[in-house]
Amino acid sequence: MDNYIWLIPVLPLAGFVINGLGRNSLSKNIIGAIGSLLVLAAFGISLATFFQIRSTGASIDVTLFNWISVGSFNISFSFLIDQLSSIMLLIITGVGFLIHLYSIGYMHDDKGFGKFFAYLNLFVFFMLLLVMGSNYVIMFIGWEGVGLCSYLLIGFWYTNPSYADAAKKAFIMNRIGDLGFLLGIFLLASSFNSVAFADIFPKAASAAGVPFTLITLLLFVGAVGKSAQLPLFTWLPDAMAGPTPVSALIHAATMVTAGVYMIARSNILFVLAPTTMHVVAIVGLATAAFAALIAISQTDIKKVLAYSTVSQLGYMFLGLGMGAFTGAFFHVLTHAFFKALLFLGAGSVIHAMGGEQDMRKMGGLKGKIKITFWTMLIGTLAISGIPPFAGFFSKDEILAHTFEISTSFYVIGVITAGLTSFYMFRMMYLTFWGKFRGTHEQEHHVHESPASMTIPLIVLAILSTIGGFIGIPELMGGHHELEHFLAPVFEGSNKLLLEHHPAASTEWLLMGISVGLAVIALIYAYVKYVKNNHVPVADGEERPELVKLSYHKFYVDEIYDTLIRKPLDAVSVFFYRVIELSGIDGFVNGLGKGSIETSKGLRLLQTGNVGFYIFMMVIGIIAILVYSIFKI
Amino acid sequence: MTTLIIISVLPIVLLYLGLYKAQKALLPVTLIGLLAALVTAVMQWNSNAQPIYHGMMLFNNFSVAFSVVSIISTMLILLLSKGYFEKISKHVAEYYAIILFSLAGIIVMVSYHNLTMLFIGIEIMSVSLYILAGIRKNDFASNEAALKYFLMGAFSTGFLLFGITLIYGSAGSFDLDAIRDFVVTYPRNIDPIFYIGVLLIIVGLCFKVGAAPFHFWTPDVYEGAPSLITAFMSTVVKTAGFAAFLRLFSACFITIADFWTPVLLAVTVLTLFIGNITALYQQNFKRMLAFSSISHAGYLLFAIVALGAASANSVFVYATAYSIASIIAFGALILVRQQTGSDNFEGFNGLAKSNPFLAFVITISMLSLAGIPLTAGFIGKFYMFSGALSQYKVWLVIIAVVNAIISIFYYFRVIIAMYFRDEERAVVIVPAYYKFVLGFSALATIIIGIYPSFISGLI
Amino acid sequence: MSTFYFIAFLSIFFSILVISAKNPVHSILYLILTFFTFTIHYILMNAQFLAIVNFIVYMGAILVLFLYTLMLINLNKESEPVKPFMVKLAAVFGAGILMVVLVASLKSLGTSQPVVLKNPDLGLVKNLGKVLFNEFLLPFEVSSVLLLSAMVGAVLLATKDTKATI
Amino acid sequence: MTVSILLFLPILAALLVLLFKNETAKHAALFFAVAELGIALYFLSGFVPDASFQYVIDLPWIQDFGIYFNAGIDGISMVMVLLTTILVPLIILSTYQHTYKNARAFYALILFMQAGLLTVFTALDGFLFYVGWEAALIPIYFICALWGGQNRIRVTIKFFIYTFAGSLFMLVGIIYLYLQTPGKLYDLHEFYNAGLDAAHQSWVFWAFFLAFAIKMPLFPFHTWQPDTYTEAPAAGTMLLSGIMLKMGIYGVIRWLIPNAPLGFLQWQNLAIILSTIGIIYASLIAFNQKDGKRLVAYSSIAHVGLISAGIFAWSVQGVQGAMIQMLSHGINVVGMFFIWDIISRRLNTREISQLGGIAKVAPNFSIAFLIIVLGTVALPLTNGFVGEFLLLKGVFSYNIWFAAVAGLTIIFGAVYMLRMYKNVMQGETNQLTAIFADITASEKLVLGIICVLIIGIGVYPQAILHISEASVVKLVRSVNQNFANSKF
Amino acid sequence: MGSLTNTIQAVPLNHYILLSTIIFSIGVMGVLLRRNAIVIFMSVELMLNSVNLLLTAFSVYRGDASGQVFVFFIMALAAAEVAVGLAIIVMIYRNTNSIDINVLNRLKW
């Protein structure tokens, strides 16, 4: 099996190359088939690999070639597949395949069909690199590569300038994080003289004088950028400018969880830096709550999902910060299922609505697009943490861990969970219940999506339903398959972390609280949006202050604009106009001008008058003679 | 010595030719005569010369090298004179004769071994030049140049003589060996009048080579004098002046260098700045060349300021490079002036299109004057800088560098005018003589620039 | 001894007159007087040959040439425009400082030994002739070039350039 | 087979090209440039990647000064030779769409310049180095001034004087070092052994530093550069930015730091600070540039700032990073200027604000443009990344804060490059850009080669790193040895 | 003659130097003061003559004849210069009707 590992990333890459070159010449069917099947093939190999690892328990390390070798510093282009990455491989290729499949239908009418599949394949390739890399630099390649694909896909409809702006924003914000990541890598490299996981992790616990806090903080900055945490989260909602499958694949299921993956991967380093753990937890929690607060007033269906993604990512980071690596990763897994599902569902809705994304113009779709409705309902239940859907288990595990460490964190977390339930059901109600609020034409147009789109929905719905069962806590009579499977990865950290299991009763209570809150929230939402038929007001109208704040995303973008972009642009102009042109260049030109001015003045010495000339000569002679008086 | 005799007799022959109206024969005879002088000069190469005629002259390699350069430069300039003097007046023979008299003075200047000979050499040269500057008798500028040159020249001669006198007064002889012996014998407590003598000689010689603050005559005279004569003055005369300067100082005063170096240092710095900076704003190409010649005098002074074994070589290389480049510049100027009637930079506009060859050689000349590598001018500067640095005159070199930078601006103005300023103009007619001279000079500039071993290391 | 100082005084006196006389012709006449005092100096030093040459060449030839030229161009009147006072002052100061400095640098450590006529025959024609035609033969010959050149040049410049002439 | 063939072939070629007709000159020039590339590749095939100098030519030149015509190729030089020989044919090919007045002179000058550049990169003699240095300057001056834009005269003379000023100071330094050498030779290795004390080395450092800082150009000696890049013809800009500024960087590696290690040690901080300031400063200025070429010019200053910071940090990683980044930057920036050449040739404008939506009408062009942008912003698996990674790591090992500040380049770079890309290529077409024709065959070839190089080097950088590894290690070690000795 | 020459026996060499210097400086002053080219020229002659005097004094003082021979050459030069100089002045006068040097300032700057 080891010999075929390299095929996993290369297959999608081949897809990229074939589709990229043949984007104009190949037929859409062939392109779709190539794009999807190659990912499927990669999924097959991943599956085989997964089972191999499951059976042997040993990780697979494959070196392809020596990538960069400078002096004693060596970076090889090599892959490491262990328990953690094998699951990620399954998510990426599996969910990825489904989304490819979905895209065949979704993008069928788009001119850039071939280009789209090429980009998607490229994304899968980079994402695979990210998780398969056996060292931080390969991971970084994937890390930036997915950023690129994200950029390309957000800006897929680049003729719309605001979409192009959104793409640019995503790339640049990611880049800010990437710088932190890069510096973290440097610090690691200078501490361990290697960037390979295999060299760093075993030594980490016993290494002396390594600034773990700084390293992990820097790595975390990377994660913040990629996973859209505070304060770098604003790109993700904007990223919804891309086609919906992209939002599902990149901005929900896979890429944005790269930060979680990276921290989980580096768990030992983080565990060695308690301060960072705290920071991670605080940032995660804050993001979760903040994004949830924004989500409750959004009207764009994809925006709601986007903020919910941010919020869920916050949960994951909360889990990481609390040392619940398994829990966080578990949430990654389940989130991949239900969030992909939700996005695809939303895509299906949008597809049905002929491109309309504003929930205020929807409503009453329940009966018209049934498959979409039911699958989305499952997704919503899953994300809201209603048992027995997938989200419940993963979220509960994180909250339980949080409770062990800090009650106040728990309180915020669980309230956020309630908010999640509220805004998700708000979305459901607004979309599927009530009367249709769109135009007549749209109403006529509403139809269920083709099979290529609904099949992925169904598959994902099933996964969202049963996905949680791999992590049923022992309390409920399961034995947390996932935790056992991942145990080797977190072995080192778990030894360092203090294990305290809360009492069973407490755990039951916690579950009760969170489920209870979720249910209350969904009922409240029902009352508000179905019973009372409340519809968010149109853009022009007044909102209550708090809602306005939330609707306008707490003006974060505007604040960034005033605090960072405008000052930078002003500095730029100042540098150019004042320092560059008048200052430095002015000085340089001044030297030239000064010489010429001196020349103008000096040439007047040449008066043309012999008497004057001789007089000057005499003065020169006098000067020389005076010198001699002193010298002799 | 034969060289000197030939060059002294040649003008008399020419005067007779003139008398018999053999105008056509003048140039060929002159050239043949100079060729003969050249051959005799070269034959004296490495002949382990001793001072001759009671220590009056010394034809060693130094003087042979400089004689050869002077003669060749003169030949090149005379080749450019084909048809030039005829336009001025009918006394063509006299002109040739006086140029050759001047050359005779120059040969004396580069070969003297006695202050008497130095003095006479300088005066033969100078008096001839006073005349030559004024040969455009009806041209006001030419008149003015002649009178200015003459008055100031005579004035500076006074100082030179005073200096020589004082040196004689303390050393008791005009002979270079005797003076050197005198300096070496009393290295510590030489009579102060000797020192003053040295300074006044510096004054006199600085005037002749056009170093600041004794340079004032240069721009006016160069501008006013006929171009061909200016070419002669700025090349051969300058070379000879430096050869004389160097010979005197390296032979006699080297052991008291501590005394006079600061003076020359100041003069050098002043010369460099005045020459270069003033040249920047000139609108007249010829006047620009005059200021440029002042600045080159500054560079040449390096060899004397940093007097050492290599100085002669440096001056030789530099002067050669400068001479051939200047000949191109003046040759081109004559042609351009014939067409446009002015000496201004504008006259060169668009020359590259109408006369690519002419523009190309001027470019080479300007690059050489600016000291750009792969031209002879660079090698010259390189030698000068090396010499100065070997004496740890770092600041002097840095000042020189600053000046070299300034100088690029005005040299490149010509190139810019020729290549980048478009102007419709007729083709400038370049006679075959000119083609030969310009081509030869350009070639020499490049060859020396690429492989300076041809001429360096001769002395 | 006092003769020297008297003559020296006269030399200085007349030379000042040379440069201060308004009329160029007067200047020349004073110059002749100055040169005459020089001749006396030469005689005092027993440089008879020089004394004679000075007398003949300078006073007889050169200065007469000056006079002729002046007459020729009709400048025997006080036609010279007066320089501005400041310029004059600067000139006097300049030259004065030059003199002071020259004297200072020369005199400060200069020899104060008296001039003793070691060889009374030194300045006689016979003696000088020997030196001139032995040691200084070459400069003597070469200076002919100087004179020749000057002659040709003077003719060239001074003749009116009517195209008809040679 | 010595390196001399590499140095003289372009000169010969230039003279031959002058004999061709204007119409065929470009083909001839391309032929010779490719031949030159062939020779370089032949050298590469026989090249042993150890620290020794190979294909050495050593002839007496000016013997009374100890000057030899001494040139050879080691790992560092090999990379530079490759850079030059790859880019020159590309640049010539990139001019195929232009019809220049007096084309044969144009191409002859390019080839002359190539000879000068190769001389710089292979010279082992201080004098030869200097001669090559200036010999490369003259042709480019004429290229820029003869075929440049509106303000070319003023701008190019400033460029010439500015760079010439720097190099004259270097000449002083070279002569000074020569006078201190034990054997009175201009030989490179004699220079290394001159054994000056720290104070004098400090002066030597400055003499060389000025020349290189101006050539690169380093903040605040850079003001000639944007003007010149803007005014120069496309090929001139490419030559300047692609190859010529590498002379300065190469000079730092080969001639500055090893020649005056102790002097360097005293000013290391300042040099890195200047480089770092340059990165930020130029990036910020690039944010709001209106002229595309000028924007790229400022971006080039920023990139070069990073390269120099990496070198001045003086570690094997930093220098190796510089080596590969020189190649990468050369390729990227040539690509970038070619992009702008294509745009300005088609639309007669370089005003970014007037453009937009080109991607829609010229998809192939947009792909090439994007790949070049990505290479420029140092995306992994493009050539830019490897260099910037190693450079930043080099800076990092010197000082983490400098690295953090220098690292801002990856953010800022993305900002201005993507802004440019967005404003030029994305959005809807306007009247001007609607008629934009997609790239022609020769343009495709050039851009294709550039893109292949961008990705090829990015994917397998070891191919390049391997060449210079041994030489760089040796050089860095020997200098560090000097540091160590000075401490005792 | 003998008695006449004896009168200088006690004059210090210094005084000759002094005298020449003074006259030389007066010559310089004349050059600076006057505007008439001929008078300037005469002042130059004054300078030359002071040098002659000094040379002779040195020659006598040292008992060396070459000084006096040198004076002879200076006189030759003076003659030559006068010839050329006056020719130039005449030429100028012919063109401008003036020998005022201040008129000659077309060549400047």
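We call the chains A, B, C, D and E, going by the order they appear; numbering starts again at 1 in every chain.
Please note the rule applied: contacts are C-beta pairs under 8 Å (C-beta built on N, C-alpha and C of every residue); 3 or more make two chains touch, one makes a residue touch a chain.
Values in this document were obtained by computation on a predicted structure and should not be read as measured data.
Novice: Common contacts of chain B and chain C?
Specialist: Common contact partners of chain B and chain C, which must touch each of the two, are A, E.
Novice: Ranking chain pairs by how many C-beta pairs touch, which one is first?
Specialist: By number of C-beta pairs in contact, the leading chain pair is C-E.
Novice: Find the chain most remote from chain C, comparing centres computed as mean CA coordinates.
Specialist: A
Novice: Going by the average position of its CA atoms, which chain sits the greatest distance from chain E?
Specialist: It is A.
Novice: In angstrom, rounded to a whole number, how far apart do the mean CA points of chain C and chain E lie?
Specialist: Chain centroid spacing, chain C to chain E, equals 4 Å.
Novice: Rounded to the nearest whole Å, what is the centre-to-centre distance of chain B and chain D, using the mean of the C-alpha atoms as each centre?
Specialist: Those two chain centres are 42 Å apart.
Novice: What is the distance, in whole Å, between the centres of chain A and chain B, each centre taken as the mean of its C-alpha atoms?
Specialist: Each chain's C-alpha centroid was found; their separation is 77 Å.
Novice: When the C-alpha atoms of chain A and chain D are each averaged to a single point, how far apart are the two points in Å?
Specialist: Using C-alpha averages as centres, the distance is 37 Å.
Novice: Using the touch definition from the top, which residues of chain E touch two or more other chains?
Specialist: 17, 24, 27-28, 31-32, 35, 41, 61-62, 64, 66, 69, 73, 77, 80-81, 84, 87-89, 91, 101-102, 104-108
Novice: So which stretches of chain B touch two or more other chains?
Specialist: If we look for residues of chain B contacting two or more partner chains, we find 116, 120, 123, 127, 130-131, 134, 137-138, 146-148, 151, 155, 166, 192-193, 195-196, 219-220, 409.
Novice: If you look at chain D, which of its residues touch at least two other chains?
Specialist: Expected reply: 161.
Novice: Could you draw the chains as nodes, link the ones that touch, and say if you get a line, ring, star, complete or other?
Specialist: Contact pattern: none of line, ring, star or complete.
Novice: Output every touching chain pair, sorted by label.
Specialist: A-B, A-C, A-D, A-E, B-C, B-D, B-E, C-E
Novice: Which part of chain E faces chain A closely enough to touch in the complex?
Specialist: Of all residues in chain E, those touching chain A are 28, 31-32, 35, 101-102, 104-109.
Novice: Could you list, by residue number, the parts of chain C that touch chain B in their complex?
Specialist: My answer: residues 102, 105-106, 108-111, 134-139, 142-143, 145-146, 148-150, 152-157, 161, 163, 165-166.
Novice: Contact residues on chain C for chain E in the complex?
Specialist: Its residues touching chain E are 1-5, 8, 11-12, 15-16, 18-20, 24, 27-28, 31, 34-35, 38, 41-50, 53-54, 57-58, 61-62, 65-66, 69-70, 72-73, 75, 80-81, 83, 88, 90-92, 94-96, 98-99, 102-103, 106-107, 110-120, 122-123, 127-128, 131-132, 135-136, 139-140, 143, 146-147, 149-151, 153-158, 160.
Novice: Spell out the residues on chain C that touch chain A in their complex, using ranges where they run on.
Specialist: Against chain A, the touching part of chain C is residues 83, 87, 90-91, 94-95, 97-98, 101-102, 104-105, 108-109.
Novice: Going by the contact rule at the top, pick out the chain B residues touching chain A in the complex.
Specialist: 147-148, 151-152, 155-156, 159, 192, 195-196, 199-200, 202-203, 207, 212-214, 216-217, 219-220, 259, 262-263, 274, 277-282, 406, 409
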